[in-house]
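Okay, got some structures for you below.
What follows is a pair of complexes built around chain A, which joins chain B in one and chain C in the other.
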Partner chain A sequence: MAIAGTVLIGMGLFFMAVTAIGLIRLPDFYARTHAVSKTETLGIGLLLGGLVLHEGATLVSLKIVLGLLFIFIANPVAAHVLARSALQVGIMPWTRRDSTGER
Partner chain B sequence: MLHAKMEALRVAFRTRWHDGNSRGWGRPLFRWLGYSALLIGLWFGLSGLLKGEFLTGGIISVAVVLFVKEAIFHPSDLLGFERPPARFSWLVGTMFRLAIYLPLLLWEIAMANIHVARLVLDPRMPIKPSLVEFESPLRTEASNAVLANSITLTPGTVTVDMSAHRFIIHCISETSRQGIQDGALLRRVARAFDETIEVPELRDVTSAEEVEW
Partner chain C sequence: MTNRHDSVLLHFVVKVVMVPAILLFGLYVLVHGEVSPGGGFQAGAILAAGLILSRMSISSDEGRRLFSRPRLVVITVLGMLLYAGTGIAAMFSGGNYLDYGVIPFEWIDRIVPGDLGRRHIGVFAIEVGVTLAVFGTLALAVDYLGEPHEPEETEG
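Let's look at the complex of A and B:
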């Protein structure tokens, strides 16, 4: 159980590292939103899942699962509000120029 | 200013109490009792103590949460949504079907996460962002909210705007866009909420000015 938990935590850390790399590499605001709010869901999910495995079936585990549920509801709302205000002030997403030079 | 705010709140509470459209389990008293029971249960589940000061704190918190919730959330039909069927069997059935939906969603999230991780780590970074809109065929507020959150939770797609009839989605690659076009998530949400739908056409949003708010 402890080994499985540690593996999950390690995978969670990998996805969080990908989040950080994506935040630096991706070209514009919207694309970075993907990196942060997305890779983080699985990152946090695996991390907290690993902690639950370490902890076993206790009240603390229940609280961790409730926290996870809260993140899964609150995280997309925050991402949505940020993206919505960005579009409302007129920021258009970065797009790749195709071979004809059109955007 | 403050007086006007308080007056608006009072009117809001009155209209909510004399809510003619709500029947059965959707009646305001039942709704508030349901939320109170849920929140009190959560409070004691988390504190695990039944002492006087905790009880008072819990009741005050629940009252504040309910008050704020009633003040900032509008009845869904004012926003252009249909009301869900106010039947207990529908509520229980939807809870059950959502419990089946959740693992499917988690699987989608895991798969899409690997896709986005691959995009980010690829040296050429083969992303192809696009902004699309479609008319949501879902009718109730809850189903639309679940769809919007599911789309945002699934990596590669972010819900930029969600209203009763229109979704604007930012997709990071062709694969993510294809996922929205196929409407796999949409069909699952519709099944969970027992609604019949047709998968809508996608339109590209090419400038921020053409978007109506």
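Let's look at the complex of A and C:
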């Protein structure tokens, strides 16, 4: 159980690292939102799942699971709203031609 | 959908999931503050976060009417008075300020019997007071910060 938990936490950390790299490396707002929302939701799910496995069936586990549910609902909705309002405000998605300077 | 910035998904999730969960968690932190991490300040901050979230994401005026500015001021002052009143009530029966053990209310012994009953109720009254004060202050602060302001006229 402890080994499985540690493996899950390791995978979660990997996805969180991917999130951080994507946040720095990707070119525009939409790509960054996309990277952060998906990988971070999965990463935090794996991380907290690993913590639950470490903890066993206790009250603390229940609280972690409740927090997990909350994040699973809140995180995609937040990303959706961010992207939606960015589009309505008029931020244009990045295209390859922008990077060479010619339109 | 009152304007184009309203999202059905956001509306539903905030109304049905987020705000009820946040308010419930705030109350949990409040009543559980003596035996687990939390307490009055945190509970007030969480409750205010729930109110602010609903105000930012739902464009109806329900929340604004229910917690209008005058009412928020009243809530803040009530919280402060509850805190100060609990402390001064102990002074009336010869104890120090906030000396919960000598609070002069007989009815507390009927609710929570035993030596620690008055201390229990006293601490809880303090926490409720802090919660109300923090909730009102934070909600008021965000309310004033969020209003569109006109640029000040420069003199000379």
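Simple rule for what comes next: the second predicted complex is superposed on the first by the 96 of 103 C-alpha atoms of A that agree within 3 Å, B and C clash if a C-alpha of one lies under 4 Å from a C-alpha of the other, contacts with A are read in each partner's own complex, and residues count from 1 in each chain.
We take it that a residue touches a chain if its C-beta (ideal position, glycine included) is under 8 Å from a C-beta of that chain, and two chains touch if they have at least 3 such contacts.
A quick note: this is a predicted structure, and the numbers were derived from the prediction, not measured.
Q: Quick one: is A:H80 in contact with chain B, with chain C, with both, or with neither? Answer first, second, both or neither.
A: both
Q: Touching A:H54 in the superposition: chain B (first), chain C (second), both, neither?
A: After superposition on chain A, A:H54 lies in contact with neither partner.
Q: Determine, under the contact definition given at the top, whether A:F70 touches first (chain B), second (chain C), both, or neither.
A: The answer is second: A:F70 touches chain C but not chain B.
Q: Report for A:Q88: first if it touches chain B alone, second if chain C alone, otherwise both or neither.
A: Both partners.
Q: Between chain B and chain C, pick out the one touching the greater number of residues of chain A.
A: On the superposition, B touches more of the residues of chain A.
Q: So in the superposed three-chain picture, is A:R96 touching just chain B, just chain C, both, or none of them (first/second/both/neither)?
A: first
Q: Now for A:R32: first (chain B), second (chain C), both, or neither, which partner does it touch?
A: neither
Q: What residues on chain A does chain C touch that chain B touches too?
A: 73, 77, 80, 84, 88
Q: Going by the contact rule set out above, which residues of chain A touch chain C in the complex?
A: 70, 73-74, 77, 80-81, 84-85, 88
Q: Note which residues of chain C are touching chain A in the complex, please.
A: 4-5, 7, 9-10, 13, 17-18, 21, 57
Q: Using the touch definition from the top, list the residues of chain A that touch chain B in their complex.
A: On the chain A side, the touching residues are 15, 18, 21-22, 25-28, 30-31, 33-35, 37-39, 41-42, 45, 59, 62-63, 66, 72-73, 75-77, 79-80, 83-84, 86-88, 90-96.
Q: Note which residues of chain B are touching chain A in the complex, please.
A: Within the complex, chain B contacts chain A at residues 42, 45-46, 48, 106, 109-110, 112-113, 116-117, 120-121, 125, 127-131, 148-149, 152-162, 168, 170, 172, 207-209, 211, 213.
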